[in-house]
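One chain, subunit A, links the two complexes that follow: it is found with subunit B in the first and with subunit C in the second.
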Partner chain A sequence: MSAASSNYDVAIIGGGHNGLVAAACLARAGIKTILLEAADAVGGAARGYEFHPGFKVSGCAQILNLLRPEIVDALRLGDHGLRYAASDLATLSLLGDGQYLALDDKAALAQVSAADAENLPDFRRRMIRYANALAPSLLRQAPRMDFANRANVWELARFGLRIRMLGRRDMRELLRIIGMNAYDLVTDEFENETLKASIALDAVMGNFMGPRSPNSVYTYLYRMAGSTNGNRGALALPAGGVAAVMQALAAAARSAGAEIRTGSPVARVLVKDERATGVVLDDGTEIASRIVLSNADPKTSLLNLLGPEHLDTEFVRRTRHFRDRGTTAKLHLALDALPDSLRNLPKQGQARFLLTPGLLGLERAFDACKYRTVPDAPPMEIVIPTLSDPSLAPEGKHVLSANVQYVPYALAEGNWDGARAKLREGLIASIDTQLPGIKDRIVGAELLTPADIEAKFRLGGGHWHQGEISLDQIWTLRPVPGFVQYRMPVAGFYLCGAGTHPGGGITGAPGWNAAQAVIADLKTEPTR
Partner chain B sequence: MSALKGHIAQNLLPTPFYERVLPLNLNHSWERWEGYLSVGCFDNIEREYTAIRNAVSVYDISPMTQYRIGGADATRFLDRLMTRDMTKVAIGQVAYAIWCDDDGKVVEDGTVFRLGERDYLINVQEQNLSWFQDTAFQYDVSIADVTEELCGLSIQGPLSRQGLEQIGLKDVTALKFFRLVQVELDGMKIILTRTGFTGDLGFEVYLRPEHALAFWDRLMATKLSPRIVPTGSHALNLARIEAGFLQVNTDFIGSERCQRHSQRRSPFELGFERLVNFKKPYFVGKRALLREQAAGGPRWRTVGLDVTGNKPADGSLLYDGNREIGRVTSAMWSPTCKRNLAIATVEAEYGALGRTMQVDIWVTKELRIEKRLVSGRVVERPFYNPPHRLT
Partner chain C sequence: MKRYDAIVVGAGHNGLVAAAYMARAGLEVLVLERRYLIGGAAVSEELYPGFTYSTCSYVCSLLRPEIMRGLDLPRHGLQVIPYEGSLNVLTDGDFLASYSNHDRMRRELMRHSRRDAEAYDRYALEILRQCKFIRPMLLQMPPDPTSLRPKDLVDLVKFAKPFSELGEKRLYETMRFWTMSIGDFLDEYFETDVIKGHLAGSSIIGTALGPYSPGTAYVLLHHYMGEVDGSIGAWGYARGGMGSISKALAASAQETGRCEIRCDADVTDIIVKNGRVKGVALADGSEFYADTVVSNLDFRRTITKLKWTEALDDELVRKGENFKIRGSSGKLNIALDGLPNFKGVAVKNNPALSGDIHYSPSLNYLERAYDDWKYGHWSKKPYLDIVIPSLMDPTMAPEGKHFMSVFVQYVPPSLHDGLWTPAKRDAFGETVIGLIEEMAPGFRNLILHKQVRSPWEIENEVGLTEGNIFQGELTLDQLLFNRPVPGLAQYRGPKKGFYMCGSSMHPGGGVMGAPGYNAAREVLKDLRRGAPA
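Moving on to the complex of A and B:
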């Protein structure tokens, strides 16, 4: 083992967006920070790469909708290169053979349901009001259930007060629906099947949930709590893809003085006298630090990098039981041209395309995850980022990127090596029935199942959020009850990934919140 | 034995000694012990108790739950699980140990037999399998519940060594306190330990169930047999109180079974200081126990009390003036010590030796209940510790 490098205040494991946000926040506070990324580029699961020569994608991330504006402002990401190629995507639900329903087009919607066309804007306004009430608490530490601690009680009170401030009617309604399932909610609200399924798909995307799974309304509100350019719930395509946002974050961190080392996988956390004292890399290099902040998922961080020998039995049990098996696959297609069916769609560059089998079909599609089978025509969310940013592919060519909901992490029979090609062909055939002619334009394809995502991005379970966003795994319970404020049981060891409050998606909130916890602790703790 | 079938049909399982014990259990006094039938009192508690202290007692400990621990990380695992330094336990040694939960509260206590380099047997009153398995996560260990593969007798009393010598267990003569030896006697594989729950000279033998009756018959055929008395749990309980031993679910509740968090107890609250080693690597509950120390120490103390008079202070509340400060968890009039003894949990500040308090004893006289407020004084445990126990 080589001699210890110069001492750092904080060593961050993993250069996903939360690690980058934390690095930038810490460095801006004058804290000597090093970020260690295993891959050759930062970005974590939103890392940019060419899946086919000349065709660029941003890992699992195809849309930016949750990044906190407070973080965009504080880290001056605009100055570091954040630009939007599209900032308020329309949603087109595909109906087969090039037909579609534009959900944002009131007149078009009115043709299929006058009632829905009238109700949809009101529904969105209501959901945004509820999301507004929840959003502030997502960028703060979750309270612990410790009523002897005044700060905790105050945090609980603030949360309660924000809900109360909605007014009696909205408060009642929020409390009524927050634990509900998306199926019942959209059935109560709407009559058009396509509209219902589209909203339900947004609610369940990324989670082990069908529309009828409890708490799928919370996940919908979590999604609505995101905003772009002050526009709640808006979906954006950053110029250069989401990977460019990762580069902007890295630039912000570097310019604030953080050191970023890529190609430096961490083997384990060093512990001395029951305190984290740094990390050791795969090549044996030791890096000493007063605090270790891990952006890796909770299981990897606690059970592999730290090790159960430093932890208590019940804590290990709860960490192991953290549900983090991914349900969403990623499909990338390299197209040498767009088929007419796609060219005829309106606003293609400023839209996303949903492929849903109806509300009941969506629930049935969940069976593939429940019973671990290869899904047959699963729901998808498709974007063609090259329409608004041609730099992502060779001239005149295009990238199609799709989130495929309900692809199990593992199969009950056989494995993905034997089934990946079958699923890929199935997905392509399924897209081709919606957008005829696309099949003949494909020059390259990549399909990442959750297990592939796990391996490629070192994301245990391959889950969008590093772990389910369910009522038993959020807020004061995420990732482990009693340890929700980023500080883990071993002194000096912190988590900052999506597996902590508030959860995943590219919010930056866990990294931001964790950095605040570290800054507070370094202030009160004397230098060793 | 089709154990499960019988288990359901009879509710409680007979132990392998059942055939011999049944005709002797004149009181038909049966108790439940982790799914097994266990004798409360065969005939006369005084006779059984007197055998423990003056002759030889035989107590069926087959219901004792036993886990065999093996694998490359066996020692490391036990050292993580238990609060004392398990790396210092030699082959052939028995170690009394406790284990704690995350909050530093005692899950249970038991004895650990080190049978080989990577071969241990944990003896414990209740089942702990899931706790052990979860503590062993990522450790290369095997944990097997061998409760049904072993049965056992606890043979206690000043003449117990003589009795075992007479059946041909020669190794008993030189066996030191808290040591074990694995022997074979006429084809019966036996683990012989010098341990017990009576505070007297005593041994435990563990053997395969199919040898249970042969061993029993052999013991009862010795010259000493008129002085060998089968004993039930009631008499044993008197002996263990005199010895100052704590009984799980009587003097404290194992933290995994506790319904009320406030009833869990730390090792320091139970007086197990000597079983906690803060210098060894991390063990489950260490951080919480260090926090307890840093916060001013335990809230409770478990103490021995010498109570005025001769009425056992069973379940008595303890007072300092009008203030309730604790509770008696075990009590007896000790025929050997000629003292009225109690084990009690008191607020920590009342735990010092010599501290006095009022003991509220309720005495029933036929249908009348008399309330007596007498004095109790904190005294050393064990109350009874004869020299022949260790020699």
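Moving on to the complex of A and C:
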């Protein structure tokens, strides 16, 4: 059947979490929706698979902390299987040879710095207050700077009002720090090097930013805007891994009536009379729809699937300049047992481990990445999900999963085929100095550089957020100024990926917002 | 003891501008300067017989034309000689010249890249638009977005108006420009390293940021928003060195007969009674009284170094200590026996030689120079901004000889292995001279005398904390209503009758005079003396 199969209102390209959220929202609104996923399973970059026989991981995603609670409630993800194996991870900063600093343990922190132990809870409270002021805008369209349209003025006013509601003192502080860099913020606030570096790592993780890069405070606030069970800034490990959350989203979409087809890579978007009319799959199957919604990154969606021939040159230029080269790699290790060094750590299964070379070391690691070389001591965020969820590995065995900052998309000299193994060994060695004995327990390993992530998950640039989260690429400027409300220049073509407002991490917000835009447009638009 | 209406602490150019406007409005003004000469960082000194050194700041462009006219500076002896080009010397014998003559500039760009020459027109237009947009804000007081007082709301609306009138597309461009890194911005226009390196220079001068740090595009703007004789973005030399600007400002102030200027007067205390300033005390114990005291010192110095007879609250002191005012620049002043021969560059009346001569081969070169600074080293391969004013202004050096000013980015305020020492300072100077020798073989033999200055020397001599030439970083957290800190951005405070007029205030550094003008206007407003003449 190559001719147009049964008509749909909306065809969604890509079953990443945003595509799934959009599918669920649309279907619930009674809109006939089909979601087309290239891989054999949904989940996008959080797709579940075995990187080693019997050892399961969730692609790039190892922690859930940003998924909007409004979405969890509205889609009743609890009923569809969302469970937490751990819902408020402690943070242990590793100090080498099995030593660590428990950042959430006030007494332990007080031993290295009484002042910091005093200030940290207050610091978190302040950051969360600021994050709360920004959070509501995550589930709303960003305003366009077209003031002839009252809706934009109103949206801006709302935004301003929310900031003002913080009270004068907080508002001033927020307006001051929002353009600041993490290095200055933590240096002004704290004295302990480990604590400073740990907060800075959270601030820069996933972005092409060093602690000294302005804007890295915004990314920290963006992170703090997340919550688990109403607990702001809390980090969770879902039962079954983040992949299970993807399954819950898919279940929510299906139960609402959305059709999900895996193994169906989309080749391009059909355009007729300057409007999107459906999609063509790699196998030539045509699927007609009134609206096409792409979960793919902006460049892939606009330049490959849609095609520059349908766009004006200025728009194409802007899209090409969208900064989306990833800087974060993913390391998976299959362990046949835990070394004592790990078994001796507290909060078994309820903690994540940070490996930071100090604040300056963090900056140096970024420097290496700037010049497209591999840093000597890459910072890492490590979790061992099997400690709280044994189902992810064979009986008694374990999975170690690490986000590795910073790893360049491409190398200045040579290519990754030559360097991948070397980096993997280097990473394993530096984990082994922190958690002695790990090395001898490894039975399988997988390292995904940003380029690998791009290829494996069809994520252009291999960037965590489908594109840098920096002040010149967020909100009313994301992905392309003037086209921030999910509607692209070709009628009927929409984006719903992390490359749109508010950005990446597993928030579901872009998918939710895009769905609202589609629903609104379908209401007003007469059926053909 | 004589009472004054206003006392200005520090005779930097902003202090003098403020003094001049207050005196012209009828106030009895006393200006107190710690050093033996006025001018702060805008001074001319004869440090070697027959040579005039512009010891610190070395070129001018930013000085607001409104002030130039308002204070009648040309009549008071200020003459600005515009220069017609600049040069980016490459050590391989090639170079990139730029000329104020547009066609000639294009031809030169063509020589390096036809595509970039095309892009240059779009680039230049965008920069010009950004300059024209920001210029009216320079002489405005930043609004207080947190205040709900009707007056402040009106200010806010007034301030926001130009933004709302920009139109959607232009507003996006402006939002991006104010938040982007110059590296990303230039990458959107150009493909050639040397062209990008050349254009990026102005975005890092005086700033503890690299070309790929967000916010550096704005810093570039800060260097471009000036003008000479009405041509925007043009730069020139003050005839007789930068000190002539200070002299002209002082003359304009003293012409009123109401402005007294005292040098060697080191203000140490601010006298406060019941939350109101009453005057100042000097190191020698003498006191001077006035109900209005205006500080030209940088914010951190004003808050943490001056002794306040009624203590400031701890939170403000902490803010003063956390104010980002980073030393990132050094300076060499050199007396030359003749004109250096830069590789491949024609010496005879070459307009490109008359302006800045850079060493800035690429964005990555600048970024690496910045990396050294981050870890407490001076850049092993620094960015240089060299000028030879004596080419345009014969008063700077004897016939046939030349004064050369070398601005160096990046140089940390203190080093990874401790504070600056004379030995380290000389090693730093050697790094710079070695690089110039590479650009102009034989340069070393022309040196008659040199003065090498790290941020440490600049701080100790001129008083700029950490030797920061802008009295504070020009980053979003310290611009507009955030400059110097939220709540003190309107030139007033921290005590009643106390004002701040230095570059720590909006719109920031450079020999612009805007903070001095704005502060004077607010003083006169509070004293009901009407708008400045």
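General remarks:
Throughout what follows, the second predicted complex is superposed on the first by the 527 of 528 C-alpha atoms of A that agree within 3 Å, B and C clash if a C-alpha of one lies under 4 Å from a C-alpha of the other, contacts with A are read in each partner's own complex, and residues count from 1 in each chain.
By our rule, a contact is a pair of C-beta atoms (placed from the backbone, for glycine too) under 8 Å apart; a residue touches a chain by one contact, two chains touch by 3 or more.
On a predicted model such as this, the values are computed, not experimentally measured, just so you know.
Judged by the touch definition given at the top, the superposed model places A:154 against neither subunit B nor subunit C.
In the superposed model, A:489 makes contact with subunit B only, not with subunit C. Applying the stated contact rule after C-alpha superposition, one finds that A:308 touches subunit B and leaves subunit C untouched.
Once chain A of one complex is fitted onto chain A of the other, the partner contacts of A:188 are limited to subunit C, with no touch recorded for subunit B.
Using the contact criterion defined above for the overlaid structures, shared-chain residue A:274 touches subunit B, although it does not reach subunit C. Counting the residues of subunit A that each partner touches, subunit B and subunit C differ, and the larger count belongs to C.
Across the two superposed structures, the residue set of subunit A contacted by subunit B and also by subunit C is 317.
Across the interface of their complex, subunit A is touched by residues 145-147, 164, 168-169, 171-173, 175-176, 179-180, 184, 187-188, 209, 212-215, 322, 324, 364, 367-368, 371, 374-375, 475-477, 481-482, 485-487 of subunit C. Those residues of subunit A whose C-beta lies close enough to touch subunit B in the complex are 274, 303, 307-310, 312-317, 320, 489. Touching subunit C in their complex are the following residues of subunit A: 144-147, 164, 168, 171-173, 175-180, 184, 188, 212-215, 317, 321, 323, 360, 363-364, 367, 370-371, 470-472, 476-477, 481-482. Partner subunit A is touched in their complex by these residues of subunit B: 76, 80, 101-102, 131, 134-135, 137-139, 281-282, 284-288.
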